[in-house]
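Everything on this sheet refers to the single structure shown next.
Chain nomenclature is as follows: A, B, C and D, assigned in order of appearance, with residue numbering initiated at 1 for each chain independently.
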């Protein structure tokens, strides 16, 4: 049997571990030939496909990024009101010529949508969720998330030194798109005093009061963790807007840090490596069992899968009654 | 309301975060007075108890060890065939004098046993599982485990350099008592070629064959991860025994490393900090709801609790059909 | 004997280790009483002074920030054309009342200036250079620099994943004020392809050519490390300006990251801890030997000192013939 | 021009960065062809030599180990009273056949000896010191040392948690062969209370007193850092021997950790990467300037070189009047 594998969308720690998981299981256990498709769906259009060998998989487990490369190519994206049928046909013809019985698509929400469309054309597809943002619907956690939270938490740990030495308010902006997962988890793990996420409204007076109450309790400094996706005015970036508002409201010297791309790079955590390995292996099992057009997922501590069409187009946001939020509030952390 | 809190048994990353979680929830949200009991159950005997304040809780989230100190004191341990009643009475009298309505016990398997005995005397008890070994029955994961796996994985990553540069077999021994959790998780995350855990029998010829087969495939080096609890001969320590046997069997230059106490020390991972915080908060909730004599636990992604008497005396081992083992075998990893 | 110690200016890893070095040597070896002055020179004005004991020094070696707090108070700063004599007199009177025979000032260039002025009033002063920017004149290295370079290098390592996976140009801005030390050292250690520092002119065409030449050699991505102090147009921040220019010049998708405050926080490296300890100890030696009004310095591998008045007002920039620059150029790295 | 490069002896972080430094300078700046010789001097015997290209050098800067492989082959080692002339002739003939005008030898003390012997045969040699132990004579620091100290310091940091939580004495053994550099630098950076190195005699009563005095001052725990090379009885390993003696002398519960091979593996620190790069570049300069038979060295902050024959056979030990020892003693640290 021959299958193809591609990675699409933003890079994240653990992609290479997933590729390794899929391939080692496929090659070693089932004798499947696995073809690496370069630069996401663009590689299907340009027919950039190459056989992966034992050697290509060496050293992948702890390597950041993706050896296959990635792109934001969306072959089913409409131009005006119609899909570019030539593009789609090129892609299908390349898959057929290469004799690929299934395409494994590793990616985030955009990729799940494209994978679902590809499945509708009759191609066998298995997808694996991949995002530091943890916003793919249908899985409890995606690999990359723990790594991003770890990096963000480490950064917040460092800001405590400056905050307390200088009696300042330090605002740190973390990634997450429209979801607040990274901010919530790193904010709680890093000892943030105020945590702002897109899913919860915030009131700047309330934030100011929290800071002034800390001052009264002998803590003339605060750490504010904000998700990039929170509402701001005048198109300002999250950290800058909140820092301005806090300085205006409290008079405290306030400094902002935007953590940026270092959240997505580098070696995955042990947790993410094992999650990636298990998800990769499960993808291969689904192929062997001919359970196509499904996305691999984590349910509690079990790896399973759900139909791709149930996932596509949905977004996994932090629910209002999330455990960590409720717990944080009881401990006096301000969520807005 | 007044409650007491103690930490008992071996130290592990995340204890202080748990203490903080219990206390901040109790003090901030419910106005409970929390008394820190020093050096585990010994503090109940010696009446070393002191009120915890906002200030005592500062900086705890990422601090290793336990600010309360710990000991291996087991007040219900039999001398000959009888328990030392004087000890027990001293303890109960100290609890009564201090007016503590509940004792929160943070500890491993031994602590769970003692906590269950304490509950039998009529004292209200809530326990929280704490062990790097992940061998407490009744919870999917205990805090400390992810931190230990992270440290062990980092160590295994480092050994790859030496193994491949020198064409050697590197054997690393990790903790876990009679359970193989740390070895399994760090071995898989660190790219171990051979992983030996107490729950699975091993055959040294099989291990030797794995190493020789790697040589034939152009990989003249191997990483072997062994749990401290595996069977050996002549009372030899795990790594030393396996290294000797491999050298004898294959002729390969083989070196061993015993990771030791650095696995239990230092700052907890973000994952463990959040797990510890949630478990600590849940303990306080149980007290408020008068659901005593229960151990806080993690089920999938939910925090809940189970009756203490169900936990006591049991050990959580790696099941033979564990997901990671099955997945590892498919990828060609040797488990013995 | 009684002495005072203060920390002034921006915080940096290793200050607490220096305080520990000064105090442990003074207290343990010479029986000197050391008084901690809070929030830099502001503490001398407000008479916020307290005796440091063995207990205050516990856990300082690897703690970020400064336990004494810091401020940017400059008591000798002119208002209009005159110094505020009242301020100066308050300060001198507080020093006299507390019977402090010497003030140890730990700080950057601004602090060295203030310390020199204080010495001119007749107060005995010893200063210790402290800056992540490494721009204090008269010492080869200041503690904090190695820690900042380590954090920046780790960040650059992480950006490589994204750069190569996405075929992008990644621009990272690091600190350093008007000096390029952090950019140069982290850029070289992190494998930057282009490194821009304020001491060297740059030509955006040249930078563009470097990126296009890499593309031709099969490397369709580049890492650009820029010091915050480089020249830009329209008051733009360094990274943003360079990213815009590169995108315009090459058409490459370009992303910027501003590393910010995480460079100054957290635990110092082993190198910085030992440098801080040695410098702190040397400060105490100078006091014992009544060699006042000097700044402790590192010369090659030796700790010595130079007269404070030689330091004040000077800036240590990267020389054009710096070893690493010359070496980098030979390896094909573009410095502008 | 054609040159060869080999790495010999124990692996250490920064070797690959050095290879990169030599080669990028040679290839990019001078158009030299560089041939990688595999597995140290064994590759010269077996004629395992291959041209290094731009591609072979990709990703080397932060990679642990050595891509060239290493061995402990010593071609000039006497069998009985004579050198194996056939071996030597094979080696010389292979060098001649490959037309290599100079051999760059990266290694520790053993390698320096072999390199000096090779130079005596008339072959042009440049050597670069490489050892985590920092015991190569003629250079202030060798790359690998800062990385090893960093790992050891991190481990000591972790042990503090367990020591203070359990009121124990923790003994940690670090590498260094007959030199105490790693123990001294990591012991001071990690806050060791007792530091034992081969260069200083120790008295177990004195050590016991230090521990008991700490107990009296309210610190019922201690950290002991021992170099592997200290004197023990009955061939016992350093940590085990000292732990036994301390337990016997003080009655304190004492635990030992042998750090082992993780000290030599993994990614080099930023400091080591830059030192390695500069040393590698300097080696190429020496070749261009036909200054052969020299070892590259660090003097203070300058890279220079000394004649190989001055280095060979010498060992760089910690002098009795080392700065850090004197400073440590003043702070109350026990050196035996």
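FYI, a residue touches a chain if its C-beta (ideal position, glycine included) is under 8 Å from a C-beta of that chain, and two chains touch if they have at least 3 such contacts.
The shown structure was predicted, so the numbers you read here are calculated from the model rather than taken from an experiment.
A.B. asks: Hopping along touching chains only, can you work out the least number of steps from chain A to chain D?
C.D. replies: Counted as steps through touching chains, the separation is 2.
A.B. asks: Just how far, in Å, is the C-alpha centre of chain B from the one of chain A?
C.D. replies: 30
A.B. asks: What whole-Å value do you get for the distance between chain A and chain C if each is reduced to the mean of its CA atoms?
C.D. replies: From the centre of chain A to the centre of chain C is 35 Å.
A.B. asks: Need the CA-centroid distance for the pair chain B / chain C, whole Å please.
C.D. replies: For chain B versus chain C, the centre distance works out to 41 Å.
A.B. asks: Residues of chain B touching 2+ other chains?
C.D. replies: Chain B, residues with two or more chain partners: 157.
A.B. asks: For this structure, enumerate the chain pairs that meet the touch criterion.
C.D. replies: A-B, A-C, B-D, C-D
A.B. asks: Using the touch definition up top, name the residues of chain A that touch chain C in the complex.
C.D. replies: 7, 10-11, 13, 15, 39, 63-66, 69-71, 151, 154-155, 157-162, 164-167, 170, 255-262, 264-266
A.B. asks: Which chain A residues qualify as touching chain B in the complex?
C.D. replies: Within the complex, chain A contacts chain B at residues 21, 24-25, 28-29, 54, 61-62, 140, 146, 149-150, 152-153, 157, 185-186, 188-191, 217, 267, 269-271, 273-274, 277-278, 281, 284, 299-303, 323-324, 327, 330-332.
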